[in-house]
Structures are given as C-alpha cells and as structure tokens.
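What follows is chain A paired twice: with chain B in the first complex and chain C in the second.
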Partner chain A sequence: MVDFVQNTLDGVMTGSSYGLLALGFTLIFGVMRRLNLSYGPSIMIGAYLGTLVYVQLSAGPLVVIAVTLLGAVLAGLYVERLCFAPMAAGAGVASMVSSFAIWMQLEQAAVLALPRHTYPFPPLATGAPLNLGPFLLRVDHLIMLTGALALSACVHLLIYRSHFGLGLRAIINNPVAAHLVGINVRAAIVRAFALASAVGGVAGYLVLAVDQQVTPMFGMWATIKGLIAMMIGGLGSIPGAILGGLLLGVIEAHSQWYFGPHIRDLFAYLALFACLALRPGGLLGEALHEPFERGA
Partner chain B sequence: MDDYLVGVLSNIGVISFIALSAYLLLLIGAISFGQQAFFAIGAYAAGIATALWGWPLWLALGWGAAMGGVAAVLVGLPTLRLHGLYFAIATLAFAEMVRLLFEQFRYQVTIDGEPVGPNGTDGFRGIRYIFENDVGPLQFLALIYGLLAVVLAGLMLLERSRLGAAFRMIGEDPTLAALNGIAVARAQLLAAALAGALAGLGGGLYAHLTTYLEPRIFDVMLGVHGLAYGLIGGLGTALGPLIGVLIDIGMLESIRVFAGYRMIIFGGLVAVLLIVRPRGLLDERLVHRIGRACSGLFGRPRPDKNGAERKPA
Partner chain C sequence: MLEISDLVTAYGKIEALKGVSLRAESGRITCLLGPNGAGKTTLMMSIAGILQPQRGAIRLDGVELTGLTPARIVTAGVALVPENRLVFPRMSVRENLLAGAYQRKDKAEVAIDAERMYARFPRLRERREQLAGTLSGGEQQMLAVARALMSRPRVLLMDEPSLGLAPLVVAEIFRIVAELNRDGTTIFLVEQNAHMALQVAHHFFLMEQGRVTFSGTPGQLAEDEVIQRAYLGARRAG
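Up next is the complex of A and B:
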C-alpha cells in the first residue's frame, strides 16, 4: 500500500511536467488546428542554449531559465515562419510533414553545435527529500508540480479572461470572421506560438533540471510525451492537458514499478491507443467532426 | 558495379516499399506514422521463416507480406474510422507498441550448435538465406527491383482502375464518395491491407538484405521518412515516392560530402519544397499535364478524365 501511494505520488510529480508539455502543444493545436511535431525539438534548442551558458559562462539558474525560454521561443517562431505561416489554409498535412523536417534539422544542428552525447544541466534544488509520514517527496518535484499548476492557471486566465485570449478564441472559432471584426490574426497566431513555446520552455527547463542532463533525444521525448498527454486529456482543452499529463505520469510510474522500464513505455502507448480507439476526443475534449484538413 | 553502389541501390529499392505503402494510404487521405510496424512484422516473419523454419525465400517473402496485410487489417478495423489526425497518432502508438513488443520477443532455435532467432533488444542475427543459397548481391538487387517493378506496375494499373478512382475520391471527400455509392469503410480497409502487405514485403526483403534485425531500426523516424518521401516526390503518381527516396537516400545519405549535414539539408529542402509545392514535385496537375502531352505525341488525343483528376492546391 505504501508503495502504491508512493508510486502514485511520483507519477503525479513526473506527470505535471508532461501536463505542461501538453499545454504548449494544445495551445498550438487549438489555434492552428495543426500538429507541430517540431514542438519538442524547439524546446531542446532552448535547453541546449541554456546548458551552453551554464557550461561556458557558469551562469546562475535565473540566467539559464531565461536563455532556455528565449531559445525555445526563437526556435518556435522559426518553425512557425517556415512550416505554418506560408502554408495555405487546408494544407495541414504539409505543415505537419514540414515541421517533422525541421525537427530533423534542429536535432542535427544541436548535435553539430554540441557533439557530446550528454551535457549537464543545472539542478533546481539539491537537498534531502521531504518526509511525509512513510512517503518521500523530492523538493524539485514539488517545485515542478507547483510550477505546472500555477502556469496552467495563468494560461487559462490568459485565454478566458484577457483581451488577447478573446481574440484567440475568436480565431479558433472562425478566422475569417475574426479578421473581419478587426483582429490581427497573423499577429495573434505568432503570439500564441511564442506563448506555447515559452510554456514548453518552462516544462523543458523543469524536466531537465530534475534530470540534470540534456541529450539531443530530448526533443523527440518532449514531442512524444506532450502528444500522448494531450491526446489522452483531449485536444484543445487546458484542464485536459494537465489531467492527461498527470494520468500518463501515474500510469508510467505504476507500470515501471511492476514491470520495468520497457513495459512502462508499452503501457503509455497502449493507454494512448485505447483512448483513441474508444474515446477519440480524449477525456475532456470533444471529438473533431470536420475532416482533418486534407492536402488540397 | 562496385559493392557500395549495389548496397545503396538495394537500400533505395527496399525503402521504396515503405514509401509506397505510406503513399497508398495518402491516396485515401489517411496519414500514417506507423507503416514501419508492418515493415518490421514482415521482416521478422520472413526472417523467421527462412532462418528457423527453412522455408524457401519466395514463400517467406509472401508470408511476410501476408502477415503485414493481416496486421494492417486488424489495426485498421478500430482506427480507420478515426478523424485523420487521430488516425495518424493511433498508427504512431501502434507502431511504437510493435517495436517495444519486438524488444521483448524471444524465439530461438539451436541450429548447428548456435542459437538463431529473435532475441529481444539484442536483435535477430543470422538470417543467412542468401549466403547459404549462393544468391549474390547483384542477384538480390535484381530480385528487389523485379518485385518493385511488379508492385509499381500494379499500383499504376490500380490508379487507372475504378478502385483507384474510388480511393482518390475517398481521399478527397469520404462523404461525397459514400454518396456516390462507394463502400468507404471496405475500400479503406482494402487500401490499408494492401499498404500493410507492401510494407511487409519490403520488410522481408530488408531482413534478407541486412541479415540482421534490431527492434530500434523500426522507430518512428523510419515511418515518418516513408511518409515524407511521398509528399516530397508527389502524390500524383506512384513514381512520386520513389523520387523522394532517391533524393534522400540516393543523394543525401550516400554522397559523403553531405555527411553530418544531411538532416539540415534534407529538412530545409522538404520545408521549402512543401511551401512551393504542397503536394510534392510530381503532383496531380503535373502528372495530368504530362499524361496529356504524351498522349498528344504518341497517339490520338484522349478526352480529359476530369473524374479522376484532383483540383490543384
């Protein structure tokens, strides 16, 4: 029983980072109705810049987080510029494949810039874990969970309570009508992209600070985890993203405990597959009814 | 021909199967990130058949293709009705499950005092059919391209048939296709089965070409590359995906000047190409134009086949 609760707690902690990754993902998808596969790799670029200032200039945590965020946002805007802005409405497949191509590009660029396989990343908090009765809680995990909840609340407020959010929701509803009532659609989309990349950057920073190392594989990891969590929780739903992330974290923690790391990944994909086959809209989302933007 | 060239050409031929498999699904408007799963299933099935059961190569390749097709039907049943994006992610999830299952898959038989067969993450060594039966690299190359030619001819015939027109119509608008009396679900399942069998056949060839399989070869990258080839080369004809494979493997991977920068060039190339030509180099419009020019040159002019033509992007 103690193990079960401890695993669940660990799962919730890791799951909060998945939830943040899914949050950025769902923002881009909600606005664009397109999948940005380069989402994780652009976070990885930010993290690489972060580790660069950490290793080369031995910068403090605040500088590292600022550089990581800035790098992720810049890389995200590069992706937007190349894969999303020039594509005609309805060329969603082209956007997705093109964002995959840019993923390859970013990954290779990171490997060329820093050729070693792993680089150190500054830890968030060192020190003994807290004791809560029989349970152990790592301090950096707690910071991660609090950060995830606070940030998702901020994003929620921004989308549902601000002028910018109102504009975004109008664009999601109907881009043409939004344009006609005087919303600068292009600028709003760019801002949404930057916001999503920044959220992803925070998620990436928190995860890497717990792991204390970064590899080029982080990009793929972030895209896959964010994608699964977003799909389980429901596309385009902010609480869904967090819930999906927490659920994925808990599933992974338990299956790792009982069956080991290989089976853990199997269970994560199984949960995703079952979710798609049985409830395609995710837990808190609505299934899309219009056909996914086909090529022409 | 030197060995390096034979190796590169063999690779191009084998990877073409997975590109054609993804292309076939693109015709019906389905984006699959998971054709590498059927490639893997075909590879393991055919490898086991020759190395462990002593089957002849042709039978093993057929068995691999059949297994790929059957698996595709089983996955297609719950997923093909999904909205395009969900389908793409479901195929991704399925393919990763298959890869992780092959990491757990152990089935070994002792042959000549040595264990042979799939051994989890250590892979599947000793698929030595072409050595034991004195099939030279050139002969195997001829086999690959012979099969590829048959498949291409089949696909081109298919595209000229009523079924091909039905596939493209479903890709354009499933509701409209259903209103025109096409059994959409059945046609989708058929396309998925054919695509799975194609990938399985390619997998069987791959297993005998490399003689060694490892689960991690069959990761998402392989599948997404297969998908990208069709979109680079063009969705107008089955030759399109082959052009994509040629550009990537033939040029960027094999010419050593590009080493280290392959992905930067390939990535940029794909991104720019998709802006300029969202449906690839050989898109429907170009193919149609070439077709008309050819029929004007070599025979009497044919009436437009507007029914089968797609509107350009």
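Up next is the complex of A and C:
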C-alpha cells in the first residue's frame, strides 16, 4: 500500500510536466486544428541553448530558465512560420508532414552544434528528499509540480479571463466567425504559438533539471509524451491536458514499479489505445469540428 | 453607401461571381434575391474579406475595402451576420457579444452596447450566461445579429437570416431588421424568403449564376412575371 501511494505520488509529480507539454500541444491544436510534431524539438532547441549558457558561461538557474524559454519560443515561431503560416487552410496534413521535416532539421542542428550526445543540465535542487510519514518526496519534483500547477492556472486565467483569451477561444470555436467579428486571426495564432512554446519551454526546463542532462532525443520524447497526454485528456481541452498528463505519469510510475522500465512505455501506449478505442475524443475532449476552410 | 463594382470571385478556375455590380444605399434596406448557387453567399464573404476577389472593387462611402483583412473591414464599419449564424457555440451569450466588439477599445461603451442588445433582445438577457450552442435557432440568429451590431457597423450584411427558422421567428427577425434600419443602420440582406423581404426592403437585386439580372423597387419586383413565378410562387393560369 505504501508503494502504491508512493508510486502514485511520483507519477503525479512527473505527470505534471507531461501535463504542461500537453497543454502547449493542445493550445496549438485547438487554434490551428493541426498537429505540430516539431513542438518537442523546438523545446529541445531551447534546452540546448540553456545548457550552452550553463556549460560555457556557467550561468545561474534564472539565466538558464530565461534562455531555455526564449529559445523554445523562437524555435516555435520558426516552426510556425515555416510549417503553418504558408500552408493553405485545410492542408492540415501538409503542415503535419512539414513539421516532421523541421523536427529532423532541428534535431540535426542540435547534433551538429553539440556533437557529444549528452550535455549536463543544471539541477533545480540537490537537497535530500523530504520525509512525509512513510513517503519520500524529492524537492525538485515538488518544485516541478508546483510550477506546473501554477503555470497551468495562469494559462487558464489567460484563456478564460483575458481579451486575448476571448479571441483565442473564438478562433477555437469557429475560425470563420472569428474573422467576421474582427479578430486578427493571424496575429492571434502567432501569439498562441509563442505562448505554447513558452509553456513547453518551462516544461522542458523542469523535466531536464530533474534529469540533469539533455540529449537531442529530448525533442522526440517531449513530442511523444505531450501527444499521448493530450490525446488521453482530450484534444483542445486545457483541463484535459493537465488531467491526461497526470494520468500518464501515474500509469508510467505504476507500470515501471510492477513491470520494469522497459514495459513502462508499453503501458503508456496501451492506455492511449484504450482511450482512443473507448473514448476517441479523450477524457474531457469534445467532438471535433470540421477543419477550418477559408471561404467554405 | 456600399458600392460593389464588377466583382469577380473564383474558387480555383470556377468563377462564382462573374462581374457583379450593385449598391446598397445608406439608410436603406437592400435585398439580394437569387436561387441556390447564384453566388449570393460568395458575394457576402467577398465583401467581408473572407474570400479574396480576383477583380473589381468594394467601396464604403468611397473608401476602398477591396483586399483589406476581415478585421480591417469590420473596423471600417461593415459587419456580416453569416449564413447559418456561426455563433461561438462553447462560449456564453455574453462572451459572444464581447467577441463581437473585439477590436473596440472603449470598454465602458462596449458594456453599454451590450446592455442595449439585452434591451433589444430580452431573450439574450435571460440566457446571457448560457452557452450559445444551447440556444434555439431563433435565439442564435438574434445573437448573431447582436454580435455583429456590437462592432457598431454602418452597414449590416445579413446572409439568409430566416434560414431554417419557424415563420413566427422569421417575422420577428424581419421586425428587428426594419427596426435597426429605422435607427439608422444600412442593411444589405440576402434572402430566399422573398415574401418577407418584400415587406421591408426598399430595393431589390436578383442574382443568377454569378450575375446581377434584375435591379428594381419592390413594386417593379412584384410586377416582374418571371421573378414572380420563381420567387413569389404566383401561379399563372394555363
């Protein structure tokens, strides 16, 4: 029983970062109705810039966070400009495929820039784990959970309480009508990409600070975790993204405990499969609308 | 005055508008009739900037609107109530109205205008916190009209406001159209329901296969035998 609770706690902690990744994914998907496979790799670029200032200039954690975040945002906007802005509305597959191409490009860029496979990433906290009765809680995990919950609350407020969020939700609800009420849809999409990348940058930082290392594979890892968590939680749903992330974390923690690390990912995919088979829209997802076609 | 001259809009190689010229006089209700596929909705979407015309010009009181983004066109004073209403289904009635005023900076005035909408459409006040997707068709149409009005347009474009609504609701919509017009809004309306349109519109255009084929007053429209047969359902003996 102690193990079960401990695993669940650990799962919730790591799951909170999955939730943030899913949150970024879902923002882009909600606004664009297109999948951005380069989402993880653009975060990886930010993380590489972060490790660069850490290794080369021995920068402190705040500088590393800022550089990681900024790098992720710039890389995210680069992806938007290349894979999403020029594609005709309705050409969702073209965007997805080109985002796959840019994924490969970003990954190669990282490999070429820093040829050693693994680079160190500054830790968040190095102290001993906290004792909570029979349970152990890692300090960096606690920071991760708190950061993820605080950030998702901020994003929630931004989406549901601000003028910008009103416009974003209008676009998510009906893009043609959003144009008709005078929302600058293009500008809003660019901002949504920047916001999603910033959220992804924070998630990337929190994960890597716990792992204390970064590799070029982090991009793929982030895309897969974010994608699974988003699909379990429900495409386009903010609470769904967080819930999906936490669930994925808990499922992974338990399956790792009972079956070992190699079987862990199998269970993650099984959970995704079960979810898609039983509830295709995801737990909190809603029926998808037709893709946006300008002038349809 | 909203003036359309020689407008050509194409989907790929197929021209849906083949040189459309017409005008909606200020302070009046102008109605565009025509069968399905004539290009009426294409025209409305072109005026609103959702579709890009290949040729021709759209002017509002002499100011060129052609090629502007939809947002700029709203700011210039033209708002479209689109076919099938297109309310934001998972946003509340109140949020739909706020979205209608998206580019306006005068928050206090926006709040006053929202109150005006609730006064004009009491059903919307009752349902202000309800999701727009849960409203009835008629209520959604009212909301679509109110949302468009929130941008304080000089010209209100309406694409088939009576579509799929019960006769009583249609009558209510047309009462509101006439009322808005009396308050000074220029209205340019697409309608299949020629009977209702005859009661309120000051001027008619008929569009067929991407071209304007008739322009005249309600009197002239009612006298035109061909139009009568096609749109007013009058039967000829023999």
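Just so we're on the same page, the second predicted complex is superposed on the first by the 288 of 296 C-alpha atoms of A that agree within 3 Å, B and C clash if a C-alpha of one lies under 4 Å from a C-alpha of the other, contacts with A are read in each partner's own complex, and residues count from 1 in each chain.
Convention: a residue touches a chain if its C-beta (ideal position, glycine included) is under 8 Å from a C-beta of that chain, and two chains touch if they have at least 3 such contacts.
Everything numeric in this text was worked out from a predicted model, so none of it was measured.
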Which of chain B and chain C A:Ala109 touches, first, second, both or neither: first
Partner chain(s) touched by A:Asn184 [first = chain B, second = chain C, both, neither]: second
More chain A residues in contact [chain B versus chain C]: B
First, second, both or neither for A:Val176, with chain B first and chain C second: second
Touching partner for A:Ala101 - first (chain B), second (chain C), both, neither: first
Touching partner for A:Gly167 - first (chain B), second (chain C), both, neither: second
Overlapping contact positions on chain A, where the chain C interface meets the chain B interface: 294-295
Parts of chain B lying in touch with chain A, wherever the complex brings them together: 29, 31, 78-79, 82-86, 88-90, 92-94, 96-97, 100-101, 103-104, 171-174, 220, 224, 227-228, 231, 235, 260-264, 266-272, 274-275, 278-279, 310-313
Interface residues, chain A side, partner chain C - complex: 163, 166-167, 169-170, 173-174, 176-185, 286, 294-295
Chain A partner contacts - residues on chain C that touch it in the complex: 11, 45, 48-51, 69-71, 74-75, 79-80, 82, 86-91, 95, 98-100, 102-103, 147-148, 150-151
Chain A to chain B touching residues, read off their complex: 35, 82-83, 86-88, 90-91, 93-98, 100-109, 112, 220, 224, 227-228, 231, 235, 262-263, 265-266, 269-270, 272-273, 276-277, 280, 287-289, 291-296
